[in-house]
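Each in structure tokens, the structures are laid out below.
Each of the next two complexes has subunit A plus one other chain: subunit B in the first, subunit C in the second.
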Partner chain A sequence: MTSQTKTLASLPNRTQPSQRLAALVHSIIGSRYFLYTLSIAIFLSIWELAAVNKVLGNFLPRPVDVLIQLWSLNTEPLASKTLFEHLWASIYRVLIGWAIGVIFAVPLGIFMGLNPYVRAIVKPVFDLLKPMPPISWISLSILWFGLGEESKVFIIAIGSFVPCILNSYNGIRLIDPALYDAARMLGASRRQEILEVGFFASAPAIFAGLQISLSIAWSCVLAAELVGSRSGMGFIIILGMNQSAPSLIIAGMVVIAITACLISVVMGRLENMICPWKRELPQ
Partner chain B sequence: MTANPTAESRLLNFIPYMSVAAFFIGWQLIVSLGLVPKMLLAAPLDVLRLFIDKLTQAHPDGALLYVHVLVSLQEAVLGYFLALAIGIPLGLLMGWFHTVEGFARPIFEMIRPIPAVAWIPLTIFWFGIGLSGKVFIIWLSGIVPCVINSFVGVTLTNPTSIQMARTYGASKWRIFRTICIPSALPMVFGALQMALAACWTTLVAAELIAANTGLGFLITMGRRLTMPDMVVLGMILVGLTGFIIGVIIDAVEKKLLAGIRR
Partner chain C sequence: MKNGQAKIEFQNVSKTFIQKQTQRVHVLDDISLTVSENEFLVIVGPGQSGKSTLLRIAGGLERPSSGRVTLDGQEITKPGPDRSMVFQTYSLFPWRTVAGNVEAGLRFRGVEKRKRREIAHRCIELVGLKGFEKAFPHQLSGGMKQRVGIARAYANNPEVLLLDEPFGQLDAQTRILMEIEIQRIWQQEKRTVLFVTNNIDEAIYLGDRIITLDGKLPGRLSGEYKVDLPRPREHTEVEFLSLRRKITESTQLIL
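Showing the complex of A and B:
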């Protein structure tokens, strides 16, 4: 449709001005960004209408209320922390847990990919533990570590562990054998094969594992904070629930969503910087 | 490389069993020798004993084991199929029709980055702690891979086929129906597995906060009663059930894909 109207609009001036105007209007309405704006506007107005008419009882605040709530979270501390301090508390946990998970998982995955004996020892046990969702470890980790920081870090580490190990293992294992053959033909030693071929060829897959595990870590920290904590974004939304303040919950969710977006953007940028040789694979 | 490759491969086939056995024996020993207090970790034999007990008695969490499994399955399956039923058509339409994409995409992109866990408090307000709330959370987490995969599947349609159909005068709707959908199917089937994993993970989260039956509830109850054997039993059942459903979906996916390729 759009392609046809575009050709119509770019025709030389043989058409009537009124027709050209119609084509112009049509191309604006058909434009993607116009639709995006319209869609968000409609979404917000439906939300506003639903909130004003109390479709969901008192549990849907107006969009304006959420904005006001966001602002007051910034200025008035909640549980002696402002919004950014809560956000930082969550991010701090994520970074520590994720780093621990990555430090153990990536080398283990790489060794599993390189050495058949390590694979034979580790893989069956890993396969036993893999299907358990990380969130199901929450109870055990609270029994082990209590409600403090350690239990949250533990869950995040568990959550980041699985995708990291899988991606490093598959990244090493699925390297095109022709690359190794080529290196070997040029007289590379086993050490050079691993360091100069294996490392670079598997880096995109490993990095993808880091990305996936970071986003899993972000939802793990929320789950852990929902169960019990005194700070963090999960604490904010559970506080909203306990105080029956849906605007507080939605404000928290908005910040969570923005943070998740930022994380994925930053990781995407980093990926382009660290392994620019990555080729987009057709999935 | 090695002088005797058959011996090596026999050893490599044998090691996995050893490793699993060592894992369970080590686990049992750690607990029985008292290296870890019984309050913190249950030995595998205790878990097995509890499993057998729970098959026939509802004490102390109020329901038989199969009830927990069935309740969890019901929630997950409902949420999963709702996610497929809405997510796949939406993704396909978004991939082909500009208008649908223009309207649905911003809203989808707003909702996508919010982890399903973060929806729990709001869902409890809106739906209560019954079945519908959990299905809603599971649906939210399952729909994301469905939409993305179907959308990408359609956009990856070979443009030559589309242009050829256009040359022969096919309508836009007909091209969508006869070319775009079939060519997107492999990616759509890929979403079956991803959505299932997302749904099953979220199930535990949904039951963690508010429930009175279900596997997630079993885990939480085990913690409240300080019964680590119950926690571990719940975790194992979650893992096992998820694994079994995964195998089933995998078989279905292979069958469907084989149907296309023929």
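Showing the complex of A and C:
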């Protein structure tokens, strides 16, 4: 018994140093965060090498130039607005345009799903407009609404409208009819059926529509700001082009990407709050 | 019948569906059938024999094209609180917890919250799901989901239970377990049961009486068998097996 415990105790001691080192190396290399860092480091190195060797001529700044540019955008206003004021200008347009699109699209989509007459009247026109990229409305909207806020909001509203109506409509239409049967068998009235089954069963699809339309709204605002704007992230990018300042363009792109990323995180959180029954599903 | 009076009567029920506005599909042909009070009647037939349609007509989800179905002499025209259905695909409300699902029927009928809680609690206990009240359906296994389906059906305190291939999506072991469970629950809380299945062992294990449907559309009654074996039954009993042989031979069904 004692000899056995001795060998058992001494066994790990004998093999420990090399084993421990191997395990440590393995755990570092195998760690996700290490690999993430590695991935970004490789990307930045390639970028740095490409910039230093002028692979793309003079118009690829070094990563560090972009960082410096970001910092100076914060401190030195551009067209009398700081970076955050430009960002807010874009976000503000997105929120207004998106809200307008959503307010019209969600009820219309729901009624299309519920009522065959509404569907028959709305759907042909909608199918005609659906494949048009929202950005193709830019020229018309400038003619109609001028270069001010209205034309930008209009583009964003159009862009938000389409995925929103589509998801609401399909969300209602594609509800498993067995759920309606279950509700009816349990004694639900027609009103209760729509409230219980229609509303809840379509909520995830409608919410997905809101998310998609928000990201489309975000690309629409940039497109709208590329034409005759004095503020917003699209303006920063177009200014960078006009001033041949690629670091300004890339700085703007970075801010745009980070914002879009944050928006989708917030929407994901919101969805979990509003539709808790989907919470445990794999993303 | 040993349980006394007729509960549900199918009188010359036929059903024809019209598909794509022109195609007529004749699903049920002249079905006449009586289910007695507190009887466990099993309808056996292969897929596409119209047995689910028969059940949906009894539920009031479909109307017969001709003939009529009565419950206690009253014609069935729509779903009602006297009948509950358990579905093959469970049809639980994914946005409701187990308790929320079980309470659903009571909520639709406007039963007050305290009373709802009380009934739901009792039904959840009846099906052996105590402790899972707050779980969402997607967190449950198939067998547990169907337990919720059964509890939900019982919560409305129906006179008739309609079970549409309730264990069709379960694996073989869970299926047998659930057959034992539904028998226990039914013996504890007797109801008139119409049970549709394509599984002949399930039919003999559960049924007081078995009705077989033809294998081709339109569905017609092809046979009737009384199961006079004491419960709980054994799948390997001689009488069980001889009845099984009798049914399979006479219906030419490979079940």
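Here is the rule we use: the second predicted complex is superposed on the first by the 245 of 283 C-alpha atoms of A that agree within 3 Å, B and C clash if a C-alpha of one lies under 4 Å from a C-alpha of the other, contacts with A are read in each partner's own complex, and residues count from 1 in each chain.
Rule of thumb we're sticking to: a residue touches a chain if its C-beta (ideal position, glycine included) is under 8 Å from a C-beta of that chain, and two chains touch if they have at least 3 such contacts.
The structure displayed is predicted, hence computed values, not measured ones.
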| item | value |
| --- | --- |
| When subunit B and subunit C are modelled together on subunit A, clash or fit | fit |
| Touched partner set for A:L67, first subunit B, second subunit C, both or neither | neither |
| First, second, both or neither for A:E196, with subunit B first and subunit C second | second |
| Which superposed partner A:K123 touches (first subunit B, second subunit C, both, neither) | first |
| Partner chain(s) touched by A:D181 [first = subunit B, second = subunit C, both, neither] | second |
| Partner, of subunit C and subunit B, that touches more residues belonging to subunit A | B |
| Which superposed partner A:W277 touches (first subunit B, second subunit C, both, neither) | second |
| Minimum C-alpha spacing, chains overlaid - subunit B and subunit C, in Å | 8 |
| Footprint overlap on subunit A, where subunit B in one structure and subunit C in the other make contact | none |
| Sites on subunit A touched by subunit C in the complex | 176, 178-179, 181-189, 192, 196-197, 200-201, 203, 275-281 |
| Subunit B residues within the subunit A interface of the complex | 12, 15-17, 19-20, 23, 39-41, 98-99, 101-107, 110-111, 113-122, 124-126, 152, 156, 172, 187, 190, 200-201, 203-205, 208-209, 216, 219-220, 222-223, 226, 228, 231-232, 234-236, 238-240, 242-243, 246 |
| Complex contact set, residues of subunit A against subunit B | 1-2, 30, 32, 34-36, 38-40, 42-43, 56-57, 59-60, 116-117, 120-125, 128-140, 142-144, 218-219, 222-223, 226-227, 233-234, 237-238, 240-241, 244, 246, 249-250, 252-253, 256-258, 260-261, 264, 282-283 |
| Parts of subunit C lying in touch with subunit A, wherever the complex brings them together | 56, 59, 61, 79-81, 83-85, 87, 89, 91-96, 104-105, 108-109, 136-139, 152, 156 |
